[in-house]
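Going in written order, the chains are labelled A, B, C and D, and every chain counts its residues from 1.
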Amino acid sequence: MNLYEYMGKEIFRKYGIPVPDGYVIENVGELKKFEYPVAIKSQILSGKRGKAGGIKFAKNAEDLKTFSEQLLNSTINNLTVKKLLIERMLNIKKELYLSITLDRATKQPVIILSADGGMEIESVPEENIHKIYIDPMVGYSDYIAREALSYLPVENKKQFSSLLESLYKAFVGEDALLTEINPLVIDAENNIVAGDSKVIIDDNALYRHKDYMITDPDKTDLENEAASKSFTFIEMDGDIGVIANGAGLTMATMDALTLHKLKPRNFLDLGGTDNIEIVEDAFSFVMRARPKLIFVNIFGGVTKADTVANGIVSSKKKFNIKQQIVVRLSGVHEEEGQKILLDSGIKAFNNMTDAVKELSKIQGVE
Amino acid sequence: MNLYEYMGKEIFRKYGIPVPDGYVIENVGELKKFEYPVAIKSQILSGKRGKAGGIKFAKNAEDLKTFSEQLLNSTINNLTVKKLLIERMLNIKKELYLSITLDRATKQPVIILSADGGMEIESVPEENIHKIYIDPMVGYSDYIAREALSYLPVENKKQFSSLLESLYKAFVGEDALLTEINPLVIDAENNIVAGDSKVIIDDNALYRHKDYMITDPDKTDLENEAASKSFTFIEMDGDIGVIANGAGLTMATMDALTLHKLKPRNFLDLGGTDNIEIVEDAFSFVMRARPKLIFVNIFGGVTKADTVANGIVSSKKKFNIKQQIVVRLSGVHEEEGQKILLDSGIKAFNNMTDAVKELSKIQGVE
Amino acid sequence: MVIINKETRVIVQGMTGHQGTFHSGEMIKFGTNVVAGVSPGKAGTKVNGVDVYNNVIDTLPLKPDASMISVPAPFVKDAALEAMENGIKLVYILTEHVPVHDTMELYHEARRKGVFLIGPNSPGITVAGQAKIGIMPNNIFRVGDVAVASRSGTLTYEIVKAVTDAGYGESTVIGLGGDPIVGTTFSDIIRIFNDDPQTKQIVLVGEIGGNEEEKAAQYIKEHVKKPVTGYITGISAPPGKKMGHAGAIIEKGTGTAESKIKAFKDAGIKVASYPDDIPELLKK
Amino acid sequence: MVIINKETRVIVQGMTGHQGTFHSGEMIKFGTNVVAGVSPGKAGTKVNGVDVYNNVIDTLPLKPDASMISVPAPFVKDAALEAMENGIKLVYILTEHVPVHDTMELYHEARRKGVFLIGPNSPGITVAGQAKIGIMPNNIFRVGDVAVASRSGTLTYEIVKAVTDAGYGESTVIGLGGDPIVGTTFSDIIRIFNDDPQTKQIVLVGEIGGNEEEKAAQYIKEHVKKPVTGYITGISAPPGKKMGHAGAIIEKGTGTAESKIKAFKDAGIKVASYPDDIPELLKK
């Protein structure tokens, strides 16, 4: 789960990482008396927010109100601005980059640092990016900060060491996949402050962090609702509603559609279940995404083919589905399942290639 | 450093381990209104405190005052009672034993448990004592409590699990060498309470725990004062004052004396130093222990023999030492040192066996 | 035979649960030597005729070699540590949705202790004709010489069935697990398959994310003479979008379907465009 | 030669300190190949003609094999981790008064990483005629065939000098350190001495506390043909009294001087009553 800047900064504050004074508003009525100048920062999950006009600066109350009105509910990088973070403006002397993320190759947390902060880390030259790996069985130790400091033009070394240790504690303690500070600001008084935050929390660990977790700001409402029912459901641009079982098979389904120039409307992994109601729930989400055509791709195992067949038939009735449903049923109880479908007028294929060809034919993209 | 029961219980409280309500007094004027019956527990570092009459029970304020007056400043197991812990009396249903200590053999913390609590663990039959080792690189995990519970007649399993986890956290967090609860009381309501505490903190880690550490209750005043000057100084029953350098050599010196039926008055390790003042400091402690005879056993290395010789000469003058000083000087700058001593009328040996023979001759125990 | 066989003594942590009960039954039917179940508080009961104990330590007299872990995600780390600290040298985690920080710790502890860790979020391991630890359907296997390693579950069954239906048989089939960090990776398993005399050819079913496919491809290029067929899912995944627990966060530069397919091709691996194509690419 | 030799490339963490400066100078005089010092904030300076760096990682181009750690006790754990995590395979800790929980962590991390950890609270290791890492006096050694392992400092010098004065010479002398937990124990070192062709006889200087002497005696009984002479200090220590950092907490049943002397005698080790007696017990 991607967190908004202000949520990440709340975490930073909890771990003792300095952040600028500030507060969040959802409407201009919530604006407070505050020391000027201030930064007005649109809370959207998007890079290059500043370039797109999502960050403005105000020298007085009048400007603050005007800009806040402009930004609230505006659309920036295709996202609607629902919240603003109003922050004391920093007197920036230097901008650095600092993050901790999980390195899948070594299975270790890795600290990434650069003296070139304030821009996307991807655009920083390789030789200016430094990585320090942390062995999770050993954890953080002070020498790591000393090494980090050898790459950065920081005078207040103690403050940096304690910030880095706190960031590692936050990374571990909050089950983060990423804790990023960009820019890490050195201000005119040589104090180090987190100018921005980008924090991603492991979805699988959200049960340990119920305090501040509500809905994933990075997901659509429908996706969030599906997540609450434990479906992995992702909305996409196309027109073919997809239900498959298993993440790998679902992804392979998407791939097969794409290779045939067919466009999925969604990704939905039914998971390992043997329950008609769950099939119906899956259909309810897919139907609400309004697909033109539906593709159900099942390889029966734990999820038995006949159960899915029954779920398809009952969903068709329950949701009054008019769209054509193309089904591929294979694996455990394949024959029973195909018979059930045939009885209610749905032809089921037993291999994926044939089913995808049928979809191509219907869509006329052969 | 051994902690008094009440100090150990303060640590337990800090980590959320249930202890009986109570308070500490140094004189009967500090007695408070409290729910009766109460236990009155002499705060001394000694086993079998109860058998020796160090624990009494009071049903009312009058008894409490009487018993407190009896106990305070009395001598129990050769120790003066300076403090009493007044505690709500527990309604004991069962007494268990639980401790965590450091196993030197495996270099791991080990949980020791027994359903036979309330007596010295040494007197519990081997087959009733269970040990669970914790790998410090992995730390505590819940399965450890489940295994522990399989050895103990505990109904309130959740409470026990959380207590065990807290005890491990205290063991690690306070740099303990031992955290022992004996008895671990199960009361009439099936609640689990620490009936007693025995906590030993690693002396070398005291700098991390300045908050509650003052002087070591297990040491004499002189020993504590010496410790504050970083000497390892232990008072003993004999009459020969000992100064040696290096823990091993000092211990070997004690051994040699003992094998010759000579009795040391103290253990003092001069450590690795090359400073006359430190030699004088060492003499100041030894002299305050009032030895009949003094033995200085030095093998020069970092601590040079001539420096020690100069220190002996100046100490003799400074502390007006009348007692005979037998010296053995060897190693770095041995000849210079021996000459310095000879010049001021002290004969120095250069091997330990000869010096010990001289001591035997003086003491007439040959 | 690789990793397990008929003699491998298996315990099931979480055996009294719905999944544990069902799959341990299937495992026994397959021929797996399930010696005990472990479910705290359930000692004395039996599941599928096998005794259940409260703790792993209580099963040690039965000399277990391997443990299957089928407990809810919040308890997986504890259960896996219990198995490893008690000296069990093969630990397979069925459970999905395990927090990645937990898995990271288990990964390193397993390496330290020399434990063969499979999963989490894995369908397990099957050695055709010998034993199965996990949840792969029993009836898709035939004893043969094709080894399969995959990061998927259902897709693996699909491919194994296709291989079997095409007249081939399998030696060892392992599901590595769909999470960003798993105990056993392609680069671990490829060495084992390469050294296994029963295995004559190898199928790798990879996925976007991470660089284990690339590492395995490098090893294959340098050391493996046996024919290898590959398939990569996720070619259609939009960059930066995460496809559920498929571990499909696209990483900068590496980890894309393109980079994996290229690595495979560079190593002389035949790459299938669709899962259905795999049997055709196998060596007759 | 055992463990180190003339070629061993040594760095000194804490080299700019009083102890670090003095002892690195002595080490260089002895012939040790000191390639760098490490003291945070002191990069660019020189001590005893050797360059000082801020971090261990900055010395890696010099390919260090070993590090001597001479920093105050509160910083030892960090310094030792810095050395180990940067791949240095021999770490020697001079510092005394290191918290035992710190040492415990270092012990396990060293084992995991395959690091030869000596100390803490140890005088170090000397291979006569080759190199010395530590603080043993330079002039007490003669090249020979007696290996010495000891838990003491000064007492070790005393014994080595006595051995040398009696006309013998030393192969390797190691001070294991006087703390309750140390990186290298008697049972580790006895195997190494036994396999060392230069070593013809062995002296073990033990101490009350722990059971490493007993474990070593067991190994000697079963595997060691070379003559072994032993000495144990602490026979006079009152039970339960702790003799400073000598690691002398008497443990229930084991760890007493009596149990160690008995174990030594049972293993055919000649046991000296006084340190002075050791040379007489050596094999001519």
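Some points to look at:
Keep this in mind: a residue touches a chain if its C-beta (ideal position, glycine included) is under 8 Å from a C-beta of that chain, and two chains touch if they have at least 3 such contacts.
Here the structure is a predicted model, which is why all the values come from computation and not from measurement.
Two chain pairs, A-C and B-C, are weighed by contacting C-beta pairs, with A-C ahead.
Note: the chain lying farthest from chain C is B, by mean C-alpha position. Centroids of chain A and chain C (each the mean of its C-alpha atoms) stand 27 Å apart. For the pair chain B and chain C, the distance between mean C-alpha positions equals 54 Å.
One simple way to say how far apart two chains are is to compare their mean CA positions; for chain C and chain D this gives 46 Å. Averaging Cα coordinates per chain places chain A and chain B 56 Å apart. In chain C, the residues that reach two or more other chains under the touch definition are 109, 112.
Looking at chain A, residues 135, 137 sit in touch with two or more other chains.
By the touch criterion given at the top, residues 135, 137-138, 141-143, 146-147, 150 of chain A touch chain D in their complex.
Contacts from chain C toward chain B in the complex involve residues 40, 54-58, 75, 77-79, 81-82, 85, 109, 112. Listing the residues of chain C that touch chain A in their complex gives 73-74, 97-102, 104-105, 107-109, 112, 135-137, 139-140, 150-158, 161, 178, 180-181, 205, 207, 209-212, 215, 233-238, 241, 243-246, 248-249, 251-252, 255, 257, 273-276. Those residues of chain A that touch chain C in the complex are listed here as 102, 104-105, 107-108, 122, 135-137, 172, 175, 177, 202, 204-205, 207-208, 232, 234, 236, 244-252, 254-259, 264, 267, 269, 272, 299, 301-303, 330-332, 351-353.
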